[in-house]
Amino acid sequence: MSTLVVENLAVRYGGVSAVRSVSFTVPPGESVGLIGANGAGKTSTLRALMGLVPRAAGTARFGDRDLGKVPARHMVRLGIGYVPEGRHVFAGLPVEKNLLLGAYASKWDSSCRARLSEVYDLFPVLGQMRGRLAGALSGGQQQMLAIGRALMARPVLLLLDEPSMGLSPKLVEVICSALQRLRAEGLSLLLVEQNAMLTFEVTGECLVLENGSVAMTGTSAALRDDPRVRKIYLGL
Amino acid sequence: MNRLFAARRPLGLAALAIVAWVLPYRLNVYWISVADTALLFALLAVGLGLVMGIAGQVNLAQVAFFGVGAYGVGILTTAHGFGFWLAALLAMVAAVCAGLVVGLPALRVQSHYLGIVTLGLAVAFLDWVTNAPVTGGDSGLSGIPTPPLFGVGLSSQYLYYYLELIVLAAGLAFGYFVVRTSLGRRLRAMRDDALAAGAAGAEIRVLRMIAFVLASVYGGAAGVLYAGLIHYIAPETFSIADMFLLLAMVIIGGRQSLWGCVVGAIGLTVAQQELINLAAYAQLGYGMLVVAVVVFAPTGLAGVPSRVRRWRLRRRSGISAAALGSFSGVPSSGRTGAVLEVSGLVMRFRGVIALDRVSLRAEPGEILGIVGPNGSGKTTLFNVISGLYRPSGGRVDLDGRVISGSRPWRISHHGVARTFQHLRLFGNLTVLDNVRMAMDRTRSWWSWRYVFWPVGVWRHERELSRQAGAVLDAFGLAAFAGALPHSLPYGIQRRVEIARAMASAPRLLLLDEPAAGLNGDEQRQLAEIVRAIRASGVTVVLIEHNMGLVMSLCDRVVVLDSGAVIASGVPASVAAQPAVLEAYLGTTTLPSEAS
Amino acid sequence: MQSFFQTLVSGLSFGAVYSLIALGFSLVYRTMGLVNFAHGAVLMTGAYLASTFYLSARLPFAVAVPAAVLATGVVGLLIERVLRPLESKDVDLMLIGTIGAGTVLEAVAILIWTSSGRGVPSPVRAAPLDVGGVRIPVYNLVVIAVAAVTMVLLTLFLQRTKRGAAMQAVAMDPEAATAVGIHVGRSNAVAFAIGAGLAALAGSLASPMLFVSPTMGDSLGIQGFAAAILGGFGSIPGAIVGGLGIGVIGSFAAQWFQGYSDLVTFVVFTVLVMVRPTGVFGEKTVNRA
């Protein structure tokens, strides 16, 4: 099991600073949340970790590997799963093919089949829809599919980008309990969310980002009762 | 005619004119015929440059316009006994008609689709001339007369050179006149960003047709001259291979520069003549050159000097943000703000509801903030108001007049201006031209003046420049007038976009996340600018996720969630509503109240 | 009626060839977003290679064609490598870049094989079949059969194999594909090579029905491209329907309008594209104003 250590990460797009010096650690089996309003730099942080956007400064290590030297397509082999913002399922492929592609880096053998049924166990609705095209699923089902796809590679650390975006409260609860279950199974989570309440439910520790910098950190339980979080969100 | 160009390089231009004028004295009979061909290709290339490089419309039928001009003259003179110049005039009319036909698909499709359709039409034309009895089929038409000029027959290739030279010079001058004034600015803006150009008042469809007509005029003129020069025309002159050669000339020379097109045409014609016995090697050479140019120098030879200049500038210091002046108030436009009334607006995309019966109202002299979580429909609302989307239901009124469902340019002319969440400045237009483009409130049919009243164009241009200068001064951007947007720091680009929106003297200003990516100081300046715009009487609606800015700047706030309005009112009261907290923070309410 | 069927048969055989060309266009477009105007020249290269293997190296036709397909696939890899910097950039630049690549291939063909062209005798010597008065050359049936088998194989490859699924995934969402560990660049290169191979197959199959020359790809390429767009760019059933459609339209146009078949075909095509820019099976939205 490896620890994710991020130090002084910064991201710039052209001349714009999206993230300025963000540091945090995700120990094995732990669950960390990055929360904040739109445009606070949460998604950029995650994408920089994945190597999908260049880092302007800072380092990210996973165990003894420097993530700066790992191309995005090899992250999955290190045990890092990624659930992108806006779900990004392969819309023209059936649900099951989407899931199998999640296990692209390994053989499509019996252990892969076993994993498939574990995912169907976590999200039974995906099992019922396995032959349906992913693009025909509802937003919530697509979100489950995106999570399931990332789980197919048996990651040790799961990066999730706004899994609650655009979902109804009921579906948010479904996602929330799935994440809690994964956490209980020992998976490390790094959860980027605007929905602070969901994040507090699922994570042990949180960072509140504001304008690309860390505004607050603390345990999720403490932050839940901290009125300053609300101020940061609403600009009061 | 072209003062801007001439004023900068009068000596170079004069020298060039002298060289072109005395050149025939140094050429033997063989090379003068090469020169005559080169000038024709140059004329064709300028036309292709205008439609592809300036207006951004892929046109692989330029060679067909050439053919229409040539065959028009050929058929009318040989079969119907018309005089050369009358035939030439009618052939030009035919070429323009061909331009309109080929341009028609551009109203529906763009880029590669347009490429294949125009190429298909070129093949169709070729098929017609190869088969029709009237065109002489495979064997072509011969016996086309020499054009007489003031009683002098231009049978000498030397004299013909001067005819071509004068036509090319006139064509270039007119081309530059168009490119550097109102019409060309709109064409270039459309090329860089058709969506933003439409929102700034450009009639995209009309402009596309104008671009094809321009190309067809140059192509037709080249065809007419070709018929008079060679006296014989056959289908193989208008083949697809020649189309690609012409394309190579324009790409290698630099499609966005008319001079580049001329240089490319002359260079490639001469090179081809030099390698006439090694034609396959010549083809290999220009094919590889096209690939190399496209990969390494997309702006072609003509773009090399400015690339070098930019590279050197960047190595030194680049443009310093320190040159940014302070904002000194909104220039008065004499227009008053408008009442925006959105009622029951519904927007569906393939069954997904992006806006769900949204109603809101904004008054002159107020700043209305639109906030809400990601994907709540804020930008969709702006896109409907500014005409990019046609709503599925409901309506938008401006001062009691329905504007929803109109095209973007029309809404712009009603007095609505906007900025975009992700900057959409015209990348290859200078800051000054970005502002002048939006300031230009003429309609497209105004462009008849280019042909019949050029002085009017000049006067309009002078007035635009004066007013645009005032806008740049007011926004503290005067130092960057000649810079391209991408060379500027991000914060300044944001300000340029607001200046561009205000240049159209709007009555309603829509700002989509104007503070995104700005630092604290820039945000303060932004707030100052937006307040000044409100003070000038303009109605301002802004989307923003920087809640601090929204709270301090907006008079009223509307909160969207999942496409529906969940709260509205003064900022402080809205922030206290449980529904808003829920939308922002999540489904459970916070246990403790704010202190 | 007899002549109607005669024309139909000839239209369908050419249609099968167009379908293969359109399939190559579509595959490359679907996976890379690249509109390959060099496709016609690649096809011509394949036709020359096959005819050289067949006529000069005296290989059996059934061996010469696969060999040419493989060799042309390698040529495709080469082109992809050169044009790679343009992928996911300006569409117009890509279009022009591929036109340049096509020009180069044509020039190379002239240098190797001269510009005079060559005829390829039909590898099937059997007399045409007579079905109710309609004479069907056996070779045409071979062409239709080979095209049909190829399309089935390609569909199976895309739907049943891991590599095929990955290729589709890259087409739908390159970033998500990267996140699950797919090498997007390699997948694109393979797609381009397969597209080139399909063009070579079309070219070598067409060579006994036409005449092999350095410019044969111009017209075939444009027809195949039109077929791809007509069916809906990027769709496999669309490529088949579009190809057969263009083949039949062209064949009847040649019957009814004599030499004006290209004219009629492209005018009809232009009107169709204007009426329905997304083609018959197309879903992708076209640039809006």
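For clarity, chains are labelled A, B and C in written order, and residue numbers in each chain start from 1.
Just so it is clear, contacts are C-beta pairs under 8 Å (C-beta built on N, C-alpha and C of every residue); 3 or more make two chains touch, one makes a residue touch a chain.
Here the structure is a predicted model, which means the values were calculated and not measured.
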Next item on the list: Find me the chain with the mean Cα position closest to the mean of all the protein Cα atoms on display.
Entry: B
Item checked: Contact-richer chain pair [B-C vs A-C] -> B-C
Next item on the list: Round to the nearest whole Å and give the separation of the Cα centres of subunit A and subunit B.
Entry: 41
Next item on the list: Round to the nearest whole Å and give the separation of the Cα centres of subunit B and subunit C.
Entry: 34
Margin query: What's the distance between the Cα centroids of subunit A and subunit C, rounded to whole Å?
Written below: 42
Margin query: Give the list of subunit C residues in touch with subunit A in this complex.
Written below: 162, 165-166, 168-169, 172-173, 175-184
Item checked: subunit C-touching residues of subunit A, taken from the complex the two chains share -> 50, 52, 72-77, 82, 84, 88-93, 97, 100-102, 104-105, 108, 149-150, 153
Check: What residues on subunit B touch subunit C, complex-wise?
Finding: 52, 56, 58, 104-105, 107-113, 115-117, 119-121, 123-128, 130-131, 194-195, 198, 204-205, 240-241, 244, 247-248, 251, 279-281, 283-284, 286-291, 294-295, 298, 407
Check: Given the complex with subunit B, which residues does subunit C contribute to the contact?
Finding: 35, 37, 82-83, 85-86, 90-93, 95-97, 99-108, 110-111, 115, 215, 218-219, 222, 225-226, 229, 233, 258-263, 265-267, 269-270, 273-274, 277, 286-287, 289
Note to self: If we count contacts the way the header does, which residues on subunit B are in touch with subunit A in the complex?
What the structure shows: 373-375, 489-491, 513, 516-517, 519, 545-551, 562, 575, 580-581, 584-588, 590-595
